[in-house]
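Pasting the structures in now, so scroll down.
First chain A sits with chain B, and in the next complex the same chain sits with chain C.
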Partner chain A sequence: MPMTTSTERQRTAAHAGLLSCHSCSMVIRPRLPQDDGAVRCPRCGARLHLRKPHSIHRTWALVIAAIIFYFPANLLPITVTTYLGSAQRDTIVSGVLYFMHSGSWGIALIIFVASIVVPIAKLAILCGLLLSVQRQSHWRLKERSQLYRIIEIVGRWSMLDVFVVTVMVALVRLGYLSTIEAGPGVIYFAAVVVITMIAAMTFDPRLMWDALEADDE
Partner chain B sequence: MNEPSTESGLVQSASEPEIQSRKRFSVIWLIPMIAALIGLWLAVKAIRETGPTITIVFRSAEGLVAGKTEIKYKDVTVGKVETIKLSEDLSQVWVTAAMSPDVAGHLSQDTQFWIVRARVAVGEVSGISTLLSGAYIGMSPGTNGKIVYRFQGQEKPPAISREIEGQQFTLRAEQLGSLDIGSPVYFRQLKVGRVTNVAMAEDGSGVMLEIFIEAPYNDKVKRTSRFYNASGLDLKIEADGVRLDTPSLASFLVGGISFFTSGDLRTSPPVSENHIFTLYDNRDAANAASFSYREYYLLYFDETVRGLSPGAPVEFHGIRIGEVISVRLLFDQDNLNFRIPVLIAIEPDRIELSGKLAISENTVLEKLVQKGLRAQQRTGNLLTGQSYVCLNFIEGTSSQQINYDDAYPVLPTIPNAMEEIAATAKKMVERFNKLPLEETLADIRSAALQVKAMTGSKSLESAISNIDQGFARFKQVAADFDEQTLVRIDELLARGDELLITANSVLGEGAPAVYNLNRLLIELQDAARAVEALADYLERHPNAIVFGRGNQE
Partner chain C sequence: MKQSLIACHTCDLLHRVIPLPEKSTARCIRCGTLLYSHTPRSIERTLASALTGLVMIIIANVYPFLSLQSQGTILETNLITGAVILSEQSMAGLALLVLLTSMLLPCTLLAALVYVLWPLKCGYCLPARRRMFRLALALRPWSMTEVFLLGILVSVIKLAKLATIIPGAALFAFLVLVFALAAVNTFVNPHTIWEKIDRCQ
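Moving on, here comes the complex of A and B:
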């Protein structure tokens, strides 16, 4: 760890007994809680927390749910293509393979990255961050923060696949000749994407840095 | 553990109370629990939906695609082909398929699998789509038994599905046309069955089709039913316009068979076992073929069959019941004589039935022959000389039986009717010839002579001499009484004269009695001459007895 960060560690708001409102970002020095046990922002009335409440528990719960849903999302078909009476069921992986075999490497890569790499990466990174926070690890805090920013930005792009399926189902309605229907896998895949996005939101990256202060005391 | 320590770091002064969140179960954990439940449910479902994996051995995998080809039973998908491999010696194809657990209990020894290729499509309206969707594997479930995981695939679909009731019929066609296994069979344009098998006739003279008609329509097939190929369009330009007959779209595309039953459905005779129907090319041909069911018999004629040609009618009491098929000449090398076998076809459906048959159908004809049924060749038209075969009951014929030694049963025959008449006439003439005409004439002549002799000579002479004697005796008497009674004698003399005159008038030349006698003699002579003339005439024209004396001369 570079020394500069350690000398400036007293400058963190928490260390200085300050916290910021989640909604209006006002910096407040909290006093005793009110009757209902909640600290409220004097400007906007939002509940005040020093850190996101139960961040680690919630994130863990959501990550585990997402991991569970990830299996049906990949094993069940996401599209059922009916072409001249013969139905074909495609999972995400078989779709990627189809595009690969048909020579559309670009599309195959996009779907592969958006639908397979990104969700797995997100879940893996979240797990890693949670574990590191719980272990109060000091290891590469800056890079870990960068990773967190990346998954927050990139997470929504996983919905690409769901959107593609939705658009195709709406467009390819050629009656008897050919129809595409959404398979049950889409629901689970959408659930994975949404749940990981929420998980990324509930995770409080400041907890990573709290490890430094805890060490200090 | 983490949060309380950070919260404690929040406050600098020790007097400030710790704000510690109560450690309680967070609602957020419900999310992964629900996810786990859903996952568990999916897993259980997937496991429960996985049936056994079986291996089917085929000779060829034509049309099968790993991962795509489905196994269907009653058009319901019950499995999917997973892999297609060649056997080690490359002679067979091993197809592994994942079966649905629904049919797992029916995968026993007698379960059958076969590849249904493009012909699948036949018949159903949905067939149009399956025409394009490619082959699938058909399945006929077995009876419940020991589960087997390895099957020998059939080359052809089984003829009859086990669970469908119905009846199998055999048709014979000149050629197959667009028909194939699975082609539909229509009755009044309603699909009632399908073609289950197609094979070449043993002698190569046609194609044998086996069709399966589902219950209850199998009752509608009678012996009088006629089947025809209903594929394709029938376009006709007639005097009253253009006529277009189209079958249903499906049979137009894939071919089909229709049938109709002529006559009354209730009274038509049922189909006998092994009966082979003829498949006509179209409806018109089926209509034209009057009676499809025929029984063949052979007749042997010893007389001329001039005028008897194939197609000539076979009649019973003047009603047509069949036709002559062929007339041949047969030389018997053993006995050095000629025989003429005439093959006839009888169409029993032309004969309406009443009552109940106590004996078997085959013995009916035997009984009829015993009752005197005979075949006979007759001249139908005197101008053209066309003959026909007539079946009739002849009374008092010697009992004969059907001869089954030939290729066809042989019915006994009797000679031609004209020949019979000629024979009778000849016999009559012969009898006339044998009549003792000469003797009769001689008798008549002698009788006449006797009359002549009787009347002409002795008796009359004696009669006259008797009169002379009487006269002489009278003369004597007169002489005796001469003196006594002269007057009376005179008177007597006068009376005697008168008597003489009277006697003369009675008995003398030109007297009526003699004249009458002469007339009688003359007429007897005439009668004798007339009989002689008749005898002469009859000798020259014996038929005059039958036809009378012509108006000749």
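Moving on, here comes the complex of A and C:
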């Protein structure tokens, strides 16, 4: 059962002159930087920042990189199947279509969601969140925070197709059956997944709520 | 004594930390993010799950993983065969990514947790325990064994019409590993473990 705790006069840590450690959640009154120019958490040793450094710029850069990589990821083949000398190239979309035609609707849906819906939704949502921060929007802060938490959690499931290719190349080799080789598309697709995961980590959701603070002053 | 405070990770609102009733969670009053929770016997249960996971990683690497039977020949594969073949197909980077997310990082995560929690439970302190626990928490999103398991399922369904797939002992060990990692994520309670680490001098 969820329970709420009493608040410290409804203030944010930043407003109270405190900062909280990203890594261990300790709330600290910042002191002078150490030798290497960074303020470090006395408990876990992580670098301390009031907000994640250059969050907006870094996240934009990663989102744009992921959008660029998304095109070769879908246009280039992810597997090349050789059977009796003839090669068949499959992309992510043709993999989904294969399962649809063979009647495995459940599997087709899982791959469609993991490989196509999640990456696109994630990039679109991150773009929307970044724009909302830059416009200092107050619109539906709670729902936007929930969206952020969802994309943070589901992003890793996009790795599904990369693992499918890995298992397929291991099982189908130089037999009577045929040979499957990984195509260049899978590299770009793996890059998209990893880059969007890092992009979700560099985005600081507290920047959305800082718009409220800026208004009060 | 200074009041114990916690700031919401999503909206930065300050909350006073109060003791929670058993099995309940504290959420931010403004945005609803989980702040901290009360997990009974968090250290023991996390430690038990982590040790189980480590044993399963060993078994999963020793025994055959999946075998493919087709027209009288049997092709046996291990857990890491896929990564090895990928690196032979000049995709070393991808092979490394698969190896990291499906085995090396989960293994590091579990080993780091055991390194931190076992001494903590016995009441003595090891050096670098703070760094190790920070590492374990940071590795959580990158350990993707459950996604790998789903990938195996999809591949097996894809191949089932063409050949017979025989599951090996390693596959079952891997299945247990997925559950052990899920248990670790459920039981690990960073809030109380950091407090314990702090008290251990």
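Just so it is clear, the second predicted complex is superposed on the first by the 193 of 217 C-alpha atoms of A that agree within 3 Å, B and C clash if a C-alpha of one lies under 4 Å from a C-alpha of the other, contacts with A are read in each partner's own complex, and residues count from 1 in each chain.
Assume a contact is a pair of C-beta atoms (placed from the backbone, for glycine too) under 8 Å apart; a residue touches a chain by one contact, two chains touch by 3 or more.
Computed from a predicted model, the values in this text were never measured in an experiment.
Of the two partner chains placed by superposition, only chain B is touched by A:Gln88; chain C is not. After overlaying the two complexes on the shared chain, residue contacts for A:Gln136 are found with chain B alone; chain C is out of touch. Look at A:Pro72: by the touch rule set out above, it reaches chain B but stays clear of chain C. In the superposed model, A:Cys24 makes contact with chain C only, not with chain B. Of the two partner chains, chain B is the only one touched by A:His57; chain C is not.
Of the two partner chains, neither chain B nor chain C is touched by A:Gly128.
Once chain A of one complex is fitted onto chain A of the other, the partner contacts of A:Tyr148 are limited to chain C, with no touch recorded for chain B. In the superposition on chain A, A:Thr166 contacts chain C only, with no contact to chain B. In the superposition on chain A, A:Cys44 contacts chain C only, with no contact to chain B.
More residues of chain A are in touch with C than with the other of chain B and chain C.
14, 19, 176, 210 are the residues of chain A that lie in the contact sets of both chain B and chain C, per the superposition on chain A. On the chain A side of its complex with chain C, the touching residues are 1-8, 10-14, 16, 18-20, 22-27, 43-46, 99, 102, 104, 107, 110-111, 141-142, 145-146, 148-149, 152, 156-157, 159-164, 166-173, 175-177, 181-182, 186-187, 190, 194, 197, 201, 205-206, 208-210. Against chain B, the residues of chain A that register as touching in their complex are 14-15, 17, 19, 30, 32-33, 39, 50-51, 53-54, 56-58, 61-62, 64-66, 68-69, 71-72, 75-76, 84-86, 88, 133-134, 136, 176, 188, 191, 195, 202, 207, 210, 213-214, 217. Against chain A, in their complex, chain B makes its touches with residues 2-3, 5-7, 9-12, 16-17, 19, 21, 26, 28-32, 34-36, 38-39, 42, 46, 68, 126, 129-130, 132-134.
Within the complex formed with chain A, the residues of chain C that make contact are 3, 5-7, 9-18, 20-21, 24-33, 35-36, 66, 68, 70-71, 73, 75, 77, 81-83, 85-86, 89, 91, 93-94, 97-98, 101-102, 130-131, 133-134, 137-138, 141-142, 144, 147-148, 150-152, 154-159, 161-163, 165, 190-191, 194, 197-198.
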